[in-house]
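The next part holds the structures, each set out as structure tokens.
You will see two complexes here that share chain A, one where it goes with chain B and one where it goes with chain C.
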Partner chain A sequence: MSVEVRNITKKFGAYPALYDVSLKVGTGELVALLGPSGSGKTTLLRVIAGLEFPDTAEGRVLFHGEDVTDMPAHKRRAGFAFQHYALFRHLDVFENVAFGLRVRSRRTRPREAEIREHVERLLKLVQLESFAKRFPSQLSGGQRQRVSLARALAIEPQVLLLDEPFGALDAKVRKELRQWLRKLHEEIHVTTLFVTHDQEEALEVADRVAILREGRIEQIGTPDEIYDHPATPFVYDFLGNVNLFAGRAREGAVIIGEIKIPAPGMTGGPETPAAAFVRPHDIHVTRERSGTATLAARVRHSHAAGALAHLELERLDNGEPFTVQLSKEQFRQLRPRLGERVYVELRNVRVFPEGS
Partner chain B sequence: MLRLRQRGVLPGFRLTLGCALLYLSLIVLIPLAAAFVKASELSPWQFWHDLTTPRALAAFRLSFGAAFLAALANLFFGLLVAWVLARYQFWGKRVMDALVDLPFALPTLVAGITLATLFAQNGWIGRWLAPLGIKVVYTQLGVFVALLFIGLPFVVRTVQPVLEDLDLELEEAAASLGANRRQTFRRVILPSVRPALLTGFALAFARGVGEYGSVIFISSNLPGKTEIVPLLIVTKLEQFDYAGATAIAVVMLLASFALLLLINLFQWRSSRYHARI
Partner chain C sequence: MKSAATPNVVSGVRHRSPTAESPFVRWLLIGGALLFLGLFLVVPLLAVFAQAFAKGPGFYFKTLADPQSLSAIKLTLLTAGIAVPMNCVFGLAAAWAITKFTFPGRNILTTLMDLPFSVSPVIAGLVYVLVFGAQGWFGPWLNAHDLRIIYAVPGLVLATTFVTFPFVARELIPLMQAQGRADEEAARALGAGGWQTFWRVTLPAIKWGLLYGVILCNARAMGEFGAVSVVSNNTQGQNTVTLQIETLYKDFNLTGAFALATVLTFLALITIALKAWIERKETTLKL
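This part shows the complex of A and B:
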């Protein structure tokens, strides 16, 4: 079951939530919509579910090639899990999950025994078999979210839409549920879109990640592609874990302090301000100056808790801070002292013109 | 050991409970107890005789019956009004919102006279009903109409805040699970407002049973036909039959109290599971 949206534009008052967004999700794919708050990711999900409608006639929603743009939400069979679960408080867990089956028309409604069997199978899938008689108020946040997932799955949805499914949970439960969701998806293989603002979550769980910014898709690709080849400074910045060096670009190269790094994308002409992005693990630190392409820096702070060690340095020429990540082994050899002068070499530098 | 309270951070339990009990005693319990004391002047036989006269029975039937039917009607129309006020934005909404409170604010006497004038044979509304053979003023139907008017705000004002607080996401969830609007209303919205509806019904009913001012103007007050219980009490008082009047009052009191208690029990049963989030 593939899902496609074409040229979706949606405004709330004067504020554009989505601007000409197109996206195709293949059958059985798990796609993350990643972006800061207000980037339109939830609106896109709601448009697919039929809870919002596109503003213009060009905006279309297709399920497996069939146009469902004008179909009301209750006919789309799009399972939706809400950030705050939206469980029915007056129904117990079993009846919450059975809801979607009980509201079917008399002709397609399963018999009571079939409903019971189906719901029990789903409760087992979400590991809540023993909670069938509990009410939502008697469950923890993680359990509630799993009930809401089981409830959405009960209708055998054409597509599963998860709106910040783990947003309201604490870090440990989040991490567990994340892995559980990945496993679940491998078991049932339903086409899934999920919204998140947590880049780690998106990169870990999804087959593909779409990064949204101010109502537009900034980049879409596999987690590897997105992480290794960010298309724009925004994506670089949003994925986090990156150092930004301000420099000047001229004739196919960028100058940062005393060093000059080739930047093929930058055309000749007058000198322009540019931003160079380097990941913390792509910075090599030495105590002595080796070669010419190094920057002088001072050690401001170091910490070695965890699998990797981190150094916080600041450039000697303009005081700009940046972070370096190194292995425990390298850290032991270097043994940096506070305030000490070191030299850094930048690798895999990605340059963008300023303001892009 | 019976513990009246659990240790908590909220101060002033004893003081506030004491004040609340004192106030309730002065305003509610002592006057009610006085009614019981007065009624006990009658012998049991006399008590029973006073209550089972055809005139008293007819009055009970009319008061409780009309109040029940009026509360039932207000249950539906009150829900409708509350729904419109809670869900839609429209021109004149504030005026409509204020109108709902009018039966609260208007002296019931004025309401009675107004209704009687409107529904009279030549009144604005009565003139259209007369050709259909419907007579409102001076009939039991008139009592019902007056109680409709009196009871409406009770239902609207209890249901409206609950409807306003209802999470729209619940309805979206129901829709995404395949429920159409009718099913969503019946299976999601109605269960959420049911406790409030019950409360509104109980209040409207209790008020209807005790209503006096508006009814006596629209009803002919014929003993055994269109005479309501409160009027019967007044009549007995005018004949200096104080014990007989309080006997009837005591029965009304017990019946109303039993009903309120029943509804509270029902509420408690249905709300046992939620809240606490």
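This part shows the complex of A and C:
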């Protein structure tokens, strides 16, 4: 089942939540909608579920090529897992999961025995077989989220929509659950969209990631594409783990301090301010100034806990701080001391004109 | 952790919890509250029963079995029996509309709903006389069709309904506001239609609040005096319990009046017991 949205615009009062958004998700794909809060990602999910409707007639929602824009939510068969789970407090886990089957019309409603079998299979899938008789108030956050997933899956949804599925959980449970979600998706292969503001989560779990900013899709691609080739400074910045060097662009090159780095994208003409992005592991640190163009910096702080070592450096010319990541081996060879002067070489520099 | 009452042995000084008062202040406050409660609530309550049985149990039961008393009890039950279900439905509809949707006039509706609380019940009764009475707007038309509202049972029901209107809605609005729309949205996404969502999700979530509102509404409906006094002609067979008590009192039948008053007192006690039970239920179930 593929899902497509076309030209969705949605305003809440004067505040635009979505602006002309189009997106296509292929059958069985797992796509993450990633963005800061207020970027419209949850609204997009709600439009797909039929809980919100696009403002303009151009805005369409298609399930497998069929236009469902005017179809009410309860006819769309879109499984929706809410950020705060929205479990029915007066029903136990079993009845929560069975809800979607019990509300079917008499003709399509499965027999009691079939409902029982179906729900038990789902509870097994989410590893909650022994919790069937518990009430939502007796479950932990992670368990509630799994009940909410099982409940959404019970209606055999055409598409699964997860709104910040792990947002309200602590870091450890979150990590476990997202690996579990990935595994679950490989098992059942239902077309899935999930909303998150956690870039690590999106990159780890999704087949493709759509990055939203102020109601528009900024970039969409596989996690590799997004991480290695961010289309805009916003994407670079939002994915995090990046250093920003302020410089000046002129005639196809950018000048940072004393060094000049070729930047083919920058056209000639007058000198303009530019931002250069470099990932921490693309910075090479030496104690002696080598032949290649290098920047002088001072060591502010270093820590080597974990698999990698990190250096906090500060440019000598303007005091701008930046981070370098290096292997334990490199760290041992370098043995940096606080306040010491070092030289850095920047690799894989990505330059954007200032204010883009 | 030491409890607040345990003296701190190590330092040899008795420490109080920072919010606790000295024993003297504590006993003064508790004693004052109990004295007030006793004088203004318990003594009158006992007085009702003392007066009711002043001429012995025989007279008490004779008064209750009197056709006029029975007719008054019946009329009160009938009035409440119509007004309470109507307000239950109105209150639910209003609370639902106000909390689940945004529409023009929503704030005005919320404010208007409190009108019966802020208007004196006597005025409420008079308003109905002005509208439906013989000299009122619809009076001639009603007369022509031989319909009686004022000085008849429909008038009693209308006045009671007006006075008790806010109870259910007032109880439900904050509850439904706190619950939000997520549960209903979840139900819709799972394939439930509007009615199914209401019966299976909305109603179970508010049932204790609704019951609470209904009980308070009922207590007020049965105890209402001012509004029904205006729209009733105080004739035999047209009296509710409250009106009949007044009639007996004016006839200098003090013991009879108090005997009938015990009926309403029992109602009040049952209401309080039910209310306490529901509150316990609500907190234990966190609904």
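Criterion: the second predicted complex is superposed on the first by the 355 of 356 C-alpha atoms of A that agree within 3 Å, B and C clash if a C-alpha of one lies under 4 Å from a C-alpha of the other, contacts with A are read in each partner's own complex, and residues count from 1 in each chain.
Just so it is clear, a residue touches a chain if its C-beta (ideal position, glycine included) is under 8 Å from a C-beta of that chain, and two chains touch if they have at least 3 such contacts.
None of the values given here were measured: they were computed from a predicted structure.
Applying the stated clash criterion after superposition on chain A shows that chain B and chain C collide. Applying the stated contact rule after C-alpha superposition, one finds that A:Gly100 touches each of chain B and chain C. Within the superposed three-chain model, A:His74 lies in touch with chain B and with chain C [touch as defined at top]. Taken together, the two complexes place residues 49-51, 72-80, 82, 84, 86-90, 99-100, 102-104, 137, 151-152, 154-155 of chain A in contact with chain B and also with chain C.
Chain B makes touch with chain A in their complex at residues 167, 169-170, 172-180, 183, 187-188, 191-192, 270, 273-277. Of all residues in chain A, those touching chain C in their complex are 49-51, 72-80, 82, 84, 86-91, 99-100, 102-104, 137, 151-152, 154-155. The touching residues of chain C, counted against chain A in their complex, run 182-183, 185-193, 196, 200-201, 204-205, 286-287.
For chain A in complex with chain B, the residues that touch the partner chain are 49-51, 72-80, 82, 84, 86-90, 92, 99-100, 102-104, 135-138, 148, 151-152, 154-155.
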